[in-house]
Amino acid sequence: MIKSILEKFSLEKNSSVMLVFAAVVLSAPIWLTPFGANYPDLLQKFAIFGIFAIGFNILFGLTGYLSFGHAVFLGVGSYTAVWVFKLFTMNVLPAVMLSVAIAAVFALLIGYISLRRSGIYFSILTLALAQMSYNLAYSVLTPITSGETGLQLSSEDPRYIDSLLGAGVQEGLPATNFFGMSMSGYSGFYFCAIFLILAFYISLKIFRSPYGLKLIAIKSNQKRMLYTGFNTRPYLLSAFVISGMFAGLAGGLMAATDPLAGAERMQWTASGEVVLMTILGGSGTLIGPLLGVGVIKYFENIFSALNETSLREIFNFLPDVVADFLVSITHVFVGEGWHLTLGILFMLVVIFLPGGIMQGVGIFTRYYKKKMTELKSERSVEKGKSQ
Amino acid sequence: MTDKNEFDTLSRRGFLKASVAAAAVGAAPMFFMNNANAYTNAPKGGTFTLGFNVPQTGAYADEGADELRAFKLAVKHINGEGDGGMMNTMKPIVLKGNGVLGKKAVFVTGDTQTKSDAARASAKRMIEKDGALMISGGSSSGVAIAVQGLCQEAGVIFMAGLTHSNDTTGKDKRRYGFRHFFNAKMTGSALGPVLKEEMGTDRVAYHLTSDYTWGWTQEESIKETTEGLGWKTKATVRTPVGAGDFSQYITPILNSGADTLILNHYGKDMVNSLTQSVQFGLRDKMVNGKQFEIIVPLYSRLMAQGAGDNLKGILGTTNWNWALKDAGSKAFVKSFGAEYGFPPSQAAHTCYVQTLLYANACEMAGTFDPSQVIRSLEGFKFDGMGNGETEYRAEDHQCLKDVLVVRGNQNPSNQFDLLEIVKEVPRSQVEYDPAIFGGKLGPYKV
Amino acid sequence: MSIVLEIKGVNKTFGGLKALTDVNLKIEEGKTHAIIGPNGAGKSTLLNCCIGKLIPDSGSVTFNGQDMIGKQPYEINHAGMVRVFQTPEIFPELSLLENVVIPALAKRDGIFKFNPFKMLSNETEIHDQAMRALADVGLDKFHQKNAGSISRGDKRRLELAMGLIQNPTLLLLDEPTAGMARHDTNQTIDLLKKIKDRGMTKIIIEHDMHVVFSLADHISVLAQGCIIASGTPDEIRNNPKVKEAYLGETEDE
Amino acid sequence: MDALLIQLLNGLDKGGAYALIALGLTLTFGTLGVVNFAHGALFMLGAFCSVLFKQVLTISKKVKDESITFFDAYKEQPYLEIWWGDTGAMIIDYAVPISIIMVIPVMLLIGVALERGLIKHFYKRTHAEQILVTFGLAIVLQEVIKMFFGANPIPMPAPDIVSGSAAIGAALGLSDNLVYPWWRLIYLVFAGVIIFSVFAFLRYTTFGMVVRAGMADRETVGLLGINIQKRFTIVFGLATVVAGIAGAMYTPILPPDYHMGMDFLVLSFVVVVVGGMGSLEGAVAAGFLLGMLQSFASLNEVKAIFPGIDQIIIYLVAVVILLVRPRGLMGREGVMEE
């Protein structure tokens, strides 16, 4: 599975892959318009969770180690970024950089402990450590995290660097910026998109490096790796830290585009979400996790917002009786029923496409290619006949 | 994959080139951004959009569904459909039942999931995609504070739904945020005299408190009140949110010498802790020669159904109850009941009132410009909305009004008759100095 | 001739069962040393004690003057002792080429190297080396095939290539022809003969006497955890003790 | 002293509940090799079977409350009470324990249907895929329940006679403060009986012997030509029934709502893993250990020294145990380690 995708991609040049990827990402505001998903917040979420999932995939997709506590690094990244905004400057660059660094420290710590075990024991260790962090952040660590309310900016924050640089005291809260560029709206999306492209590039490089091959080999047969002369622990730990840093970056960007950090970002359900995204899209593939992100975030934001009124608008070209019937059926699956639809989707995808959406894509392209070659051969046969 | 001849590596420069080229393609939508408007989402055409952000999944989904029903009803009434509900009883009112400023109200909905992140994402969608002028709804203080902060940044008015923490209009208050619902401080002030009357001045209280900001503010407010009465506080124990089984926190109460248990829990936690406390026989106990009592400071009829008979005789406060007999409440219950076949909850009531108040303020201001609408809401005094004479205090955007002290009904006459009104504590008794909680409202213009 | 591997007084018990009793063995450089014995004689236990999978209760295992006991498997690998497994331990999801590339990388990169930005496609040297190793075992034509999809015999040969590419001082072969058809066995014997002149020291654990006598320079016979005989193939062939304990039963084969 | 005794009892009680929910989960793990994220949902389904049963029993004659004019409000009286008087009232009062009669066959049916229709096809799939499909199933199940029963908890009181507390202290000549709810004591005994029955079933029947052999070595048992498939179906059904009755009997303690399964999911996984994958004894031991520790960690005296310890104790213990004992308390090598 992994290999076939790898080879499929290696047939093309890295640079052309990157070119296509960058073009697709940066033009997302245009081609997502017909889906109603072209507004800045959702675009930012696509990019940010894309980074999160790409990072998670480096650990899970390559080494097969299923972490159930990756959201901790997302949360840590967010808290770090908001604290940098509060204490130092509203410029997002130091915040994002520090988010990655602090997340790396946490990942090193949690990874060092959890990687002493493998299989489900590893998963439970990460889960337990993450839940501990979440529970503490929600309650006793409130002075640092603001607990349930979430850490927010306040007009009383010192912001030492900004005040040193003489940013005048303004009424209301300052906004995050990248050397003056606003982090909300489309510019915020492009800022995140650049990081997404960078993250994808790093992931691509890792997938195609000797290091990446060794990680895949660990997933394939860890025992053999030991006897082949590799100490697998540092490989796993480095992959864990890298993916933790990606999550930290995503957390930092979340805070950069929307300066709030809440404890629920670290809850097990948040960790579970990235697992589901990755598997749904196709773990171990380069693009799969991004597709998973797209589907789940789209459901969460667009499907949940549909209600009977909006459904009626969609179906109003039909005769009333048919429209009523369709509305009465579909409204079960949208709005408050979006969870139901998501659950059904999970089941359908995994039953029929064990490799996730990417497997579906693979089947489709293979079918398409086969058809094309059949068509060609038919034509040549016909040509042969006519001659 | 090691077949080296088939590909070359991507140089750093090539990568940059690729990105720049793609950026050029993607830059186009930037121009759609509209900077010319004087304020966010100024309505175009014959409609204006309201965003109703309620929990549709998770523990508060039923409460959210009830809020949504109220919102839909409010929009109908504003647009002059239906029987008009509180439009007929609200005083003063400038709404004419033809929409607002000649524009019809339309709405979009979203799911907060009772999570700050999801609620903010949903509110952002409403603002950025659907062009919502006002956001309302919600069923927890964490969400309310998170969304309120966002609305301040975006320049969109937030009319809070069910949120009871002091922080919403205290340390986290915002110029663009308004709360009609009462708060923990007011609960404490309202309960005080009733507790004194019913339980005397010589009691020992034991608090079980949900371990998050709302729980803490309520514990603080109740403690202040009861200690003011002369009660002692034996212990304040923090319990994790969603603990499910509270038995390990209840057992120590038996030996503590306390004679009153105060449950600073809401929703599912309240249902579970109350059910389990009663099972442990707390209410049958005699301590210090007094009958042991349980108090649930914040009641919700909807959630309380889950506690069943355990609720009977237990004191608490509520923002509003459908059994109130004033004209405003009757009008609202009548149109809600006719529409949906059952009475509205307090969450539905507050959301309905908030929507009407917002619409009325726009009409009064003569514009949808939030900086003007805020000014007309600040200090606005009104009546006929079910809570007696009410004022939106300008200093902290908290509605000051009467508070209901209620008790679980011992002998309900029907399936909705769960709460019995003990006392309508007048506004004068629950008022407080807005300065005590600190916080800053921020600017009118963002 | 110098001694590559020296096993001295090794004992190992499992529960109450004595698996190895005072085993002494010296393996000379460049020689092919076969260890034979009936099932349950302790051959695999002995091998596992050499490569770090098991720790003997007493005794020492010295390789090139280094004590091997308690060492991690990857340390033993880098010391120059490489094992070829009895049941093929390969990377079934990867291609044949990648299967051989990995041990080649181990040889070059050591126990850990962090090089995520190096492209695999630029590793020309490793690639050529791997293709040569596959050619040695006759698998170079299928190098793109999935290792999980090839026949068992091919898997064994793939493993051999994975061992050979590391060019170890000592190669431990655990029943290299077990479960192979006669034709495949002969091919493997030819292959092992071919690499004999590379000067690699080998230990072969084997049931098949045909294989043993065609390859070994020196044979040790293990029975019930004890070495009962050691010597050249001819000496072993004529040793009555061995005949009694072991060969008698299999001569008809 | 009393405080410690009652906390000990509370720990046992919690432990019984944890052990019971972990038991079914570890059965599915150990025998079928399936990571079942829908196990919590099955617990929830059991509880709602009981709710449904009670709702059927309390189908009522509705007398309109004439004082309410804006909508229909009723004073309700169940037909059972009208027809059979006190006997009817008593049947309703005992709804929860009686509902077990319905819960067992219904859950068995659900379990068998799920195994045949879905789980069966996932024995050979990766754990990640099992997680995704069972998680999807859990969401679907809970959303369906939400559609019919709403999101709010539903009160399910215990029979009146056992709704209060047992005065254990007074009976033993100790302090009057040593009381414990009857229903929790019943649940503890019930958990013990179920756990014991499952163990006995696996130990003393041929069927159980094969299943245990299957837990130890799946392939060999398959090779013996035993129809393992059929047994797997029964085991899954058994696990479903255990989860279901555990849920049904828990309703007086925790008024059920559609989300309760998810709330128990993480906890039950931690219990199973701390016990050791595939070890029934381990799961039970871990259940009691964690219940006990959680109970004592929640004492005010302990919390005063370690703030927040009650919130993390379970996870902390899980981490420590897994680091000290690589495969949990009683796990075997090679199970679920890939």
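Letters are used for the chains, namely A, B, C and D, taken in the order the chains are written, and counting of residues starts over at 1 for each.
Rule of thumb we're sticking to: contacts are C-beta pairs under 8 Å (C-beta built on N, C-alpha and C of every residue); 3 or more make two chains touch, one makes a residue touch a chain.
The shown structure was predicted, so the numbers you read here are calculated from the model rather than taken from an experiment.
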Chain whose averaged C-alpha position falls nearest the assembly-wide average: A
Chain of greatest Cα-centre distance to chain C: B
Pair of chains with maximal C-beta contact number: A-B
Averaged-CA centre spacing for the pair chain C and chain B, given as whole angstrom: 72
Centroid distance [mean C-alpha coordinates] between chain D and chain A, Å: 34
Distance from chain D to chain C - Cα centre to Cα centre, in angstrom: 52
Separation of chain A from chain B, taking each centre as the mean of its C-alpha atoms, in whole Å: 32
Multi-partner residues of chain B (at least 2 other chains): 1, 3, 6-7, 9, 61, 65, 211, 238, 240
Residues of chain A engaged with two or more neighbouring chains: 3, 7, 10, 14, 135, 139, 208, 339
Of all residues in chain D, the ones touching two or more other chains: 311
Residues on chain D engaged by chain A in the complex (per definition of touch): 35, 118, 121, 125-129, 131-133, 135-140, 143-144, 147, 266, 269-270, 273-274, 277, 307-308, 311-312, 314-316, 318-319, 322-323, 326-328, 336-338
Residue ranges of chain B touching chain A (in the complex, touch as defined): 1, 3, 6-11, 14-15, 18-19, 21-23, 25-30, 33, 56-57, 61, 64-65, 107-111, 115-118, 120-122, 124-125, 128-130, 140-142, 145-146, 149-150, 152-153, 167, 172, 175, 211-214, 238, 240-241, 440, 442-443, 446
Touch list for chain D against partner chain B, complex: 2-3, 6-7, 10-11, 13-14, 17, 65, 67-76, 146, 150-158, 163-165, 175, 177-181, 183-184, 252-255, 257, 259-260, 263-264, 294-295, 298-300, 303, 310-311
Complex contacts: residues of chain A adjacent to chain B: 3, 6-7, 10-15, 18-19, 22-30, 36, 38-42, 45, 135, 138-139, 142, 146-150, 152, 155-156, 171-173, 175, 184-187, 190, 193-194, 197, 201, 208, 258, 260, 262, 264-265, 300-302, 304-305, 307, 309-310, 335-336, 338-339
Touching residues on chain A, where the partner in the complex is chain C: 1-3, 7, 10, 14, 202, 205-206, 208-214, 216-217, 219-221, 223-231, 234-235, 238, 242
